[in-house]
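One chain, chain A, appears in both complexes that follow, with chain B as partner in the first and chain C in the second.
Presenting the complex of A and B:
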């Protein structure tokens, strides 16, 4: 039996009196793409920010590579090999693309590999290479998303968390982003993807969880979920 | 990414600093020497504000408190404990930095206007404490509104020139370090997107604290030097909010988060108020206000800041 890379056990998260997540269980195994789908306000972003450490769960345990990380702040979880691409791709608008990427390898362990990481990122996103000296703020939405993903890759993570990478992108770009995510994952990186775009995310992922009103209501292999009547009706409009 | 221009600017800066260091041997007029000293003094003080607020975007509205603490530490050490000037000077910087560290822990968690108000309130509180402490506890320590008279130094203007110049020099070198280090990138990242900085592994609280305490250290030094220079301090003088305002305006005029910003802003404003102040004694404040407004309207990112954007220069 393989140990899960990331494991959430009975996570409760609340903002003051409003409880957002109720007893969420989730496991991510090495090398797979796992997606969490769900409607607006289901708690998907909260789930990610809790894993990274922006929120501290009220109850429950989070472990990463067998180590408990429930109370660890974001700047420390990066060092353990987990990084996130925040919703809306918050790039550093006043820094050049290259400096943005360098910021991604801020921590010591990833700075040693900066050259190879840069090469890898430019391989995935040739567009970023062309725009290397441009300011982050001058990029288009799609390019910003690429830059945010690139920045996350620069820290040499073993687990990449993606918060709605398709948000606000043109349909053609959405497909491209998902293809790139799949390509990145094929290099051996584990990916936890949070998405509203159910169709594409089920297509590229191996397993999926359905989050509704802060509770996991369904989970299983993506292929099976895609053919599930409930999913078809509520999410795929088939 | 233009490291060559960076190097050139650093070399020019070093050359000018060296040249300035010899000025007291050439400048005959005491007035001129004093004016130059004041300019250098303000460059350094504006620089202290810039290295914290300019880079991180956390608008500190009470930096004068560390200036005042520095003045008081030096005054009390010299008059009550007979410590000589230079050890007192060092003590001033140290105590300012330590206090900044402990004040920074709670306040640097605040954002935007809340941070500005908290720092402003702390500065005003310190002013009140130094005013009322002695009366409340029946001691003679801060000497309240009577103020403290320091031992008359007997030193001439060039002595203070040589006290201030090295401090300002180090403040500016710190800027250069900030521009070219991981630490500085961390500060800029905090300014632009704090959450993104955190997920990139920047320990934002530690970085802000370091910048805050460093800036307080230098402000403490300036406070001590000024106290010894003027030889008489009162709480309402050394904790005067006008000093804060002046630091902020100078940096805004020059350009926040730039290397040359404090230098240009402080020189510009000091020289303008000096030349207008001597000629139009009654109206000069109105004129300066007008000049500040016009400058900010034409150059919204400050003189250097706007130049930097238009010419696409990375560092200056």
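Presenting the complex of A and C:
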């Protein structure tokens, strides 16, 4: 049996007195795209920030490649091979596109491969190559999202965590971003995607979890969920 | 151009160079961590004393002892950030004011206990020497400090733009959470930044030592001037310290020449006051407004 790359067991997370996540179980297997869908405020971003280590869960266990990472801070989890594309891209606006990408390969293990990684990212996003010397802040919303994804790829992760990559983008760009994510995953990278755009994220993912009010209320293969009455009614407005 | 004006201008530029030399570190520390370091003047004092004691014991020229001052202050700054100021990172700004003000009092008072309140000075062969060109006086020691200021500004810029650690410092200054996601240990970056700021400040204290009065209580007035310089140049904008220093130096010098010496200090605060109202982002408009 294949071991999961990432495994969450009964995760409880609270900000002071407010509990945000309740007993969340989640598994991501190597090579999959897994998506977590759910309405605003369901705890999707909290889930990601707990995995990378900004939040320490009150209860439960997180393991990555068989190693317990429950209490490991973000600057350490990235060294283990998981990289985040944060919500809203959050590129370094005062730094050039090239410097942004170089920051993505700050950790020593990826710094030595910087040249090849840059080539790979520029292959994926020729636009970034054209704008290499421009400041991150001068890019459009779609370009910023690409830069944030490129920056994350620079660390050569085995797991890519994406927090709402379609947020605030024009419909045409939304499609483009999802196509890009699917293309990246087809190179063998495992992806955990957190999204409000249920339609596209179910389309590109293999499995999905539905998070509502901090609880996983449904999970299964994306294809099945797409035809599930509850999902259709609540999320796809069909 | 008449000689009086030219001399006032040169004095102003040289004074401004001195201001810039000791304010760059203040700007760096604020720019990266948002910490207004009220113990900044004490770093100058420690740099000046390092040179003083090395001169006193070993007759070492202040320019030769400058590297020691830099090294000593780097270690001092690194440890202060790592074990003291890092405790209040992420808390309201008032905490860092209180903490660094406490540091100012502690360092100054420990220095008084160790070295007494005596005023000291380093008298070198060039301490009072001037170059005379076209009837204008250029004091050597100040000229060297001016050149050091230019060099420090350039070196700092080079370090921040071209090195791996410099890039991480810039990333941390812009978005510390995302920097952490990239694998940056921001507490270590903060410690390096403070160490670096302290090192260039110690360097300035050292190169200023041939022409300033050295005493454990000298720090506070330098902190105040550094604050003015950095606000003028734009808080957190590195080359701003140079611009702010030169503008303030020239303004003071012209005021001292054409009005009177007492007014020149008042001029500082008038300029500061006006700037904060009309252009809080600094002369070049590239500073941050908290």
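By definition in this document, the second predicted complex is superposed on the first by the 238 of 238 C-alpha atoms of A that agree within 3 Å, B and C clash if a C-alpha of one lies under 4 Å from a C-alpha of the other, contacts with A are read in each partner's own complex, and residues count from 1 in each chain.
Just so it is clear, a contact is a pair of C-beta atoms (placed from the backbone, for glycine too) under 8 Å apart; a residue touches a chain by one contact, two chains touch by 3 or more.
Just so it is clear, the model here is predicted, and its values are computed rather than measured.
After overlaying the two complexes on the shared chain, residue contacts for A:131 are found with neither chain B nor chain C. In the superposition on chain A, A:99 makes contact with both chain B and chain C. In the superposed pair of complexes, A:54 makes contact with chain B and with chain C alike. In the superposition on chain A, A:75 makes contact with both chain B and chain C.
Touched residues of chain A were counted for both chain B and chain C, and B has more of them. Of the two partner chains placed by superposition, chain B and chain C are both touched by A:83.
Shared contact residues of chain A, touching chain B in one structure and chain C in the other: 52, 54, 73-75, 78-79, 83-84, 86, 90, 92-95, 99, 102-104, 106-107, 151, 155.
Of all residues in chain C, only 164, 167-168, 170-171, 174-175, 177-186 touch chain A in the complex they form. For chain B in complex with chain A, the residues that touch the partner chain are 1, 182, 185-186, 188-189, 191-193, 195-204, 314. Chain A makes touch with chain C in their complex at residues 52, 54, 73-75, 78-79, 83-84, 86, 90, 92-95, 99, 102-104, 106-107, 111, 151, 155. Of all residues in chain A, only 52, 54, 73-75, 78-79, 83-84, 86, 90-96, 98-99, 102-104, 106-107, 110, 133, 148, 151-152, 155 touch chain B in the complex they form.
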